[in-house]
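Two complexes come next, and they have one chain in common, chain A, joined by chain B in the first and chain C in the second.
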Partner chain A sequence: MMGNRRVSRRTVLRTLSALGVAVASGFDPVTPQTAHAQALGQNETVEDAMKRLFGSKTIKDGSPAIKLDVPLIAENGAVVPVSVSVDSPMTSTSYVRHIYVLADKNRIPIVTRVTLAPEAGRAFMGANIRLGETGDVRAIVEQSDGTLLQVKREVKVTVGGCGG
Partner chain B sequence: MADIGQVRIRVPSSIKAGDVVQVRSLVIHPMERIERDAQGKIVQKNYNYINKVIVTYLGKTVATFDTTQSVAENPFFSFTFKATDPGLLKVQFFDTSGGRYEGTAEIKFS
Partner chain C sequence: MKLLAIAAGAGLTPRALEAADGPARLLAFEPLGNVTLLHLTDTHGTLRPVFYREPDTVLGVGAERGKAPFLTGEALLRAYHVAPGSVEAYAYTHLDFPALAARYGRMGGYAHLATLVKRIRAERAGRTLVLDGGDTLQGSATTLWSRGEDMVRVSNELGVDVFTPHWEFVHGLERVRELFGDRERRGLFAGDFIAHNVSVAGWGDRVFNPYTIREVGGVRVGVIGQAFPYTPVSHPRRFVPDLTFGIREDGVQTLVDELRDDKHVDLIVLLSHNGLAVDLKLAGRVHGLDVVLGGHTHDALPQPIQVGRTLVVNSGSHGKFLSRLDLDVQRKRVAGHRYRLLPVLAQALPEDPAMTELIEEIRRPHQAALGERLAVSETLLYRRGNFNGTFDEVILDALLRRADAQIGFSPGFRWGTTILPGQEITLEDVYTHTAVTYPNTWVRQMTGGEIHQVMEDVADNLFHPDPYYRQGGDMVRLGGLTYAIDPTRRVGRRIFDIRVAGRALEPGRHYKATGWASLGEADGPPVWDVVAEYLRSVGKIKLGTRPRVRVVASKES
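Coming up: the complex of A and B.
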């Protein structure tokens, strides 16, 4: 009875997870598998990372539109709350498509890329990130018409939190 | 690490139709960092970290986070969505070891 239950539970779980992944990839245009194949975060300098992401496109100063909320001093670099909000109507014709968060001094400078839909209602994201050492944190916003806007703020880190 | 994959989602207690609602979500996950050997070389292995977060509301994708190891342990994300109809808000976390963790919140209007 017990042995039988263990085997069947494992089988059920495995089948369920396989099904679940299949369903998820069927519904979502971007599957996690493809995201993994071309790794977003790599060991590189922030210049290389930005070249890889944006090519030679010009990035304008976005300080009037973008509000980047980071602490001035991060006591602990392992957990630094960051939030970005952008002035945008978020209609189907004009919305913020991507919000990138980059940490210049991290060994993996790209922290996250957020893809938003107009249904989000507001161009906003928040996350807890790691910071290896004192340096700039950038928020780069790509609007639906392809315009790139950037703001950056320096964060002082007392204790580094990024082994990688 | 028995707690890996526990997802917590917080939505405001009262939501009105048409509101833009801010949601906070968290998953318990180690988000392994890059390790280096004694020579300072990066240890090549499959690090286990969350690399994708997908938020769906009423079956439509509202926001997607592609994340790297520069995101903190037990990653926390917040986002907004426009509450048009009552329904299910689902947040799915995917990690590099094939794990898939999911949290849902039932959106109701009051």
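Coming up: the complex of A and C.
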């Protein structure tokens, strides 16, 4: 079903370069796993995005270690502050390599991936993200040994109005 | 037997009860311990005594169903052993409201409240704290026109020591600063205004003091202020453009620890505008809170709900009640407590002269205009309840007629007083149902799909299974259509069988819709003008039965 959507990274890089888009730090091309980038501007479901990023690797519950700080109800869907901190060693042998933030209901669910090195000292990232509608926001952590951990939380984007 | 159960709760002996089965019984309270907390909340600008009918329908979902505070009418009477027809039944429920209202009269009013507060202060000199949970500066013409000042003046006269806000912010942050001060300076308010969860977006700096420490009865009492967490999505953003709110459970825990460990406080109170279901969840997740004094959801909770070691209190609305919580605090622990939700029955409490004078001064310039008699109602008119109230129906009728629209929207506010059958509706009554700082009406085309989506969105703000996601008030009031709702379903699937003038709502079709209190910009005439004009023109209100909403409760989770 998704075969025709899958594009090899090389194809994407070529496309990007043809469009004059520099490959910046966000998606570094030396990621070890078999990631498949999506075609430019193409929407996908979060399931497709996860499969593309992580293949069939098991993702464990990260709730003891990962703290995902995001409002339960967005005060403004266009600017939703999110931060992720991971209780993890940051040594050359054991550290958090990536923190991904995904928004399940966004047309392009992969919001960001942050690459960390042991020198960072702590596994933390913060960003303002945009949420089109109510849905889960996930933080997925990839450790240096390849282990994947995830936490998620519903963020409501409401038309608002009150009672009280 | 039933009376005895209540009397026992209030520390009254059976003999005292026999001696005083009149108004005195209502207020009897045998003092206990070293601290008395007096709590009022959500008075909504109600200077003078009013009728306020408690809801007939307040639905809980999941494990909440059928438990306080999701109890109304007969179920509530049974749960709290209240005799039908008693003054408590009148105060706590909607049952037989017109008859009981005629018997027991109006409730609340700051002059009557002041008498009660002064009495208790005299009895418990040096041991009393008065705390106001907010929604005080909204809900009347005089507080709208004085931009909240009248209520700050009466709160000072009442001797309110501590305050936390919600609707106060609809006067804008600058006005809140003038009236209540901030971290640097004081305002007109004589007590302490606290709100730990209001900060500047981006920087995270708190705008107000997060807590205050007061010593009463030899006890150091730390009070943390929890403002309404969802203020920016509940009202137009323009009033608080740069502020961020939120429940901030972690923040509460940090402050509790700071108060206990660094400030050596003996008793920790959360003065909250979260709403009761949120407070119950929070009390189960934050350690070290002794008492939560809550508001927002207007629950007249006859007894505190105990969550672990935390007592969660809710004190109704409109000045109908004053909560009295006596505590015996020994070695930083609550060794004993006694509570009563005191009904402020106007006929049982004389007016306090100083407060009466102040209220008259506030009202004098407006009295003639506000006293205008617009119409007589043959129907009991009220708003409170999960779904359309009868006063909402009148507002919707007025909106629909003026706009010649098919569908009307009116917000599910919990405030708004009650008109008894045969009573005149004055201009003042119209304001008690409409006095907001964003009153403009709107008219526009909406598709059936949009209408359905708005209904689902609002229903989710009321019936989300996790109370932390409940931002809203009651369900939006709809005119021109009927619908069925299953609160136990998930968002997008709760509302069904929507019918416009008897015909199924078509998702793709356009309908002419109208409403008021928009969060965006609206430029139609203010709703109070529309409603007042309508009432003047009809002269008499008589509503037939309107089967507007069908509530279906499935077991789907």
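Going forward, the second predicted complex is superposed on the first by the 116 of 164 C-alpha atoms of A that agree within 3 Å, B and C clash if a C-alpha of one lies under 4 Å from a C-alpha of the other, contacts with A are read in each partner's own complex, and residues count from 1 in each chain.
FYI, a contact is a pair of C-beta atoms (placed from the backbone, for glycine too) under 8 Å apart; a residue touches a chain by one contact, two chains touch by 3 or more.
Note that the coordinates shown come from a computational prediction; the quantities given were computed from them, not determined experimentally.
A.B. asks: Per the contact definition in the header, classify A:N106: touching chain B only (first), chain C only (second), both, or neither.
C.D. replies: Once the two structures are laid over each other on A, A:N106 reaches chain B alone.
A.B. asks: Return first, second, both or neither, reflecting whether A:V159 touches chain B, chain C, both chains, or no partner chain.
C.D. replies: A:V159 sits against chain C, while chain B stays out of touch.
A.B. asks: Which chain makes contact with more of the residues of chain A, chain B or else chain C?
C.D. replies: It is B that touches the greater number of chain A residues.
A.B. asks: Applying the touch criterion given at the start, work out whether A:P89 contacts chain B, chain C, both or neither, answering first, second, both or neither.
C.D. replies: neither
A.B. asks: Residue overlap on chain A between the chain B contact set and the chain C contact set?
C.D. replies: 161-164
A.B. asks: Can you tell me which positions in chain A touch chain B when the two form their complex?
C.D. replies: 17, 20-21, 24, 27-30, 32, 35-36, 39-41, 43, 78-81, 83, 103, 106-117, 119-122, 124-130, 161-164
A.B. asks: Applying the document's contact rule, which stretches of chain B touch chain A when the two form their complex?
C.D. replies: Interface residues on chain B, with respect to chain A: 20-22, 24, 33-36, 42, 51-52, 54, 56-57, 59-82, 84, 92, 94, 96, 98, 100.
A.B. asks: Of all residues in chain A, which touch chain C in the complex?
C.D. replies: 71-76, 134, 154, 156, 158-164
A.B. asks: Within their complex, state which residues of chain C touch chain A.
C.D. replies: Per the stated touch rule, the residues are 42, 135, 166-167, 201, 228, 230, 232-235, 237, 244-247, 296, 411-415, 454, 457-458, 460-462, 464, 466, 468-469, 471-474, 476, 491, 517, 519.
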